[in-house]
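Below, subunit A partners subunit B and then partners subunit C, in two separate complexes.
For the complex of A and B:
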């Protein structure tokens, strides 16, 4: 290109400087590594899961026995899988029902508190769970729930209530794990909501105050409707996250006792790896994929009208 | 503060303190128990009480046991290599999506973003088989491909948004001076993207530092394990030595807590990158 000393601003639209070769080369060279990696480790495995679900195979034998849709028929009649599915839905529902209101309440509290010292302490400590791995959290809470040496039972006994074997009872285990999930993620949603509440213009608060609105009325009638887009994002994140749960459950209960806290992901792992039933494991994995896709897309679709700019 | 606001303020403070206890007590339990003697928990004292003879014995045991530093080293190595690769690849791809219009740009971008929703467990069996086939099974490097591939979508998404905000004028100036797209990328766009890259580095490092499933499935030998898998193993090894396990947990959480205390705002921003955009 000829040297131009004085740049003519805006004169050059993208097309004009489009020297085909170098730009095309850049597009290809810059995109190829990412696309290749994703094709190998994301796209191919998904297709391969569906393909493997048509075989009976222990993962080692050179021979895979094609069994048609037998694995899928088995899946449809597999009570444990459907139990895991229901457990997943329970986790989704309880997570959203607890984390969203609690996160919002804490966010409002933090917004009112502003930069005062005690609120800075709150914010710092609240965020700690986000820094721990799910594995560490799972192990920590295993001991917190411990029937003999745990914090929970000791506290309950101190106020005269009876302790429980939280992770050992079929009717308690799932709820005990969901409580930990809420402990782990509520602060995440608090920060998310706080950022979005902060972005609501101060003018609106002043206007509400001049009109005689109380704090509670400001939040209920002015702020919440304005941040509903963020609430939507949060609900979708929580939904997708809850459907993918594995680490925490695996460390705390391994899906037990008696599949009481089994989730689709833990069940899939159990079928594929310890049992070496790769075909059936792949069917479970593919079903997980279909279910997550359907639920995620419907969540996006049905919550469209909540979308806002904030 | 006017009077009618007082009940609300008190309620806020009360709620704040309650959640402070809920969030804080598990950490308190973890840290103080790590300083307790092995049998102190069994001797009937309160689990909340301070250690009778606070000692670093558990920490000492864990640190000199020989394996902890190996696990730590494995984690540091795989996390840093993965994060660097993620940043390099995603910044290259983002530059194309943000700045060079081409025919299938939107379609490809949409496909990559769809990767955000995919549950990684779906890929576990094929990735395991693939890793065995290419001979990487049971080595630290088995994790590299999945670690990078699964974190590319969000990184590309965030960086593309970021690069679109950079004023076009700067690139035009570079172009007029005869700089081609690759040089413009390296000398103009990349330096200007540093804040976005820093946020993403923190986000990806935290995610990968805590990753469990792939490590669990792809690595068999203890010497190649990253930290989260090792913690899980320690639990079996020390089974009933709760203070030692708490020392392990405290030690493995310490690096992130330290980084958090040094750069709080930046870390919060980094971890929230997935949601805050």
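For the complex of A and C:
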């Protein structure tokens, strides 16, 4: 065996996970302002919600009665909360099933359209729903869904179909609102996907063409695999957003009728504020936090191999 | 050294100036929710007159929207920083504040110079707990009545009913002719509660609910509550209410539009809606608007002259953290002095003071005040009378009852169970 002639590299000292050098201090210094804000407006309220969930408190009384885990026991047996949880899962499933493919289709359309004027108009128009506030969208769609005067029922009746009371029926209300949520958020994913599609190098498209790929084959075999990291991010965003969803449900149905469209967040608000039950409302809030955390972390974990550069 | 001395002197001067300024300047924070016309003006003129008469007192007026206000006032109280003067509807939520010692007992203020005799007695019952008064009634008198479209009634030869059976017959006639009898926006929930409250009152009288809500002998499982539920569901099954009512929102006018469009004939609603009609659709108000009192129920024990509503609608209270309660109370008095009362009447309100009926010129308001004056009893809205937690249960139950998702018995049991849990027995 030949003697080792290449000088051995000096073995690096085992890296400690933390040292007080200049570099670390700089990082801390730059992070400090946002860390402080996070601590005051995110970490503290979350901890304080957990703390409040251990009390029976109406939100105004100077006296809070500690009740241990009674609120949590009540939560586990609360049919309405679990119904709300299932409704949240429905929103998650429908949002991902509809918004992702639709967003991608629109993005591909926009990418192929390129800089032509009409496509730039489309791009702006499709983005409109994202620019409107949820409350105005909610009120707008309340009129659109109006059983007697809404444009949907008028149209259905004009072509001989029977109108529905979209927001007034227990088996329709949730789906009626989810449709609006999808309408509102699809453009967001369109823009996200469009940006990542644009970042795929033109050379790859040319190469694929030379190899005889059709447009569909280019997107399916070349572009989509390259942007799967963005798709993953989009799905996780949609998952988290749907789990903590509040706005349109609150404006359009307030979780009704008869809790048919109740979500965890609307239920939390109803308990904490109109019902003067801050303790239980905090338990719902904390449960919501735990559920979102678990589902989001597992989504991250199980999809980690999909991570890409764009 | 000179610099330090100079600096100290400057600080001392600033402190001195500050103290003098604070000593002279009393500030009263005042939240209100009269944010739609003519509300802000009614409040501001009184505050301006008060400040003109009391130099040195500054009133900081903060107008707010109805629903956000309910959250904000609770957050402010929870944080120990409520405004000096704030509004409420009296009843259960106010009682929460009283028990939490967040509001000042105004009994002595009200009794000074017999100020209390200025108000219609029924206006004070919603703010009186254990013999002490906690609020000043100011804004309005509001009771629920049936509004109807005179043109539609004329077209089918109908006249306002005096009994429930007549009302049901009218509904049937209208349905047969393709007109929806009742408009109702029940996403808002308290809207449908009006039918229930009136029916219970007509069937059993006001004592039943009072003894139920305070858990002194009454029960939601009393046959009267169940019967009220049955009578409501009878109407629902007839198709008497507008399609999809459980998804319609009162606050965005979805119950009034069908009335304006001649598609629905009646709506049971508070008298605040009169000024809304006047603002939204003056032609409808002029040509078609009529109203009648809730009809009697045959064989019912309740006095058919009773009304459901509130005399005082928006009381003002002084929070216990207020540093200047004397000034605050004097300021509230300006809101309901003779000048303010005259102005309120002119703007279509009915302030809850004695002798207001003589001042009213609007024929509709005159009719309303007659109903109130002749009423055997005024039942406050259940959702305001009950403690907030139970008020929410009541409203949810109403939506389910009207949606035929609960039987009248189940609706009664639901409310009884919530009540039992609340009182711990």
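Please note the rule applied: the second predicted complex is superposed on the first by the 273 of 310 C-alpha atoms of A that agree within 3 Å, B and C clash if a C-alpha of one lies under 4 Å from a C-alpha of the other, contacts with A are read in each partner's own complex, and residues count from 1 in each chain.
The working rule: a residue touches a chain if its C-beta (ideal position, glycine included) is under 8 Å from a C-beta of that chain, and two chains touch if they have at least 3 such contacts.
These numbers were taken from a predicted model, which means no experiment stands behind them.
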| item | value |
| --- | --- |
| Which of subunit B and subunit C A:59 touches, first, second, both or neither | both |
| Contacts of A:273 with subunit B and subunit C, given as first, second, both or neither | both |
| Partner chain in contact with A:149 - subunit B first, subunit C second, else both or neither | both |
| Touching partner for A:254 - first (subunit B), second (subunit C), both, neither | second |
| Touching partner for A:237 - first (subunit B), second (subunit C), both, neither | first |
| Touched partner set for A:165, first subunit B, second subunit C, both or neither | second |
| Subunit B versus subunit C as contact partner of A:177, first or second or both or neither | neither |
| Which superposed partner A:107 touches (first subunit B, second subunit C, both, neither) | neither |
| Larger contact residue set on subunit A - subunit B or subunit C | B |
| Common interface residues of subunit A - those touching subunit B in one complex and subunit C in the other | 59, 139, 143, 149, 273, 278 |
| In the complex with subunit A, residue positions of subunit C that touch it | 70-71, 74-75, 77-78, 80, 93, 96-97, 99-102, 186-187, 189, 242-249, 252, 254, 257-258, 261, 263, 387-389, 392, 396, 399-400, 403, 405 |
| Touching residues (chain side subunit B, partner subunit A) in the complex | 4-5, 8-9, 12-13, 15-16, 19-20, 22-27, 29-30, 33, 41-42, 46-48, 89-90, 92-93, 95-96, 100-102, 108, 112, 115, 117-130, 145-146, 148-150, 152-153, 156, 169, 172-173, 175-178, 180-182, 185, 206, 209-213, 217, 228-229, 231-232, 235, 242, 245-246, 249, 252-253, 256-257, 260, 264, 267-268, 271-272, 274-276 |
| Residue ranges of subunit A in contact with subunit B within the complex | 1, 3-4, 7, 9, 12, 14, 17, 19, 22-24, 26-27, 29-31, 33-35, 37-38, 40-42, 44-46, 48-49, 52, 59, 105-106, 108-110, 112-113, 118-119, 121-122, 124-136, 139-141, 143-144, 149-151, 154, 183, 186-188, 191-192, 195, 214-216, 233-234, 237, 240, 243-244, 246-247, 250-251, 265, 268-269, 272-273, 278, 281-282, 285-286, 288-289, 292-293, 296 |
| Complex contacts: residues of subunit A adjacent to subunit C | 58-62, 139, 142-143, 145-149, 163-170, 173, 253-254, 256-259, 270, 273-278 |
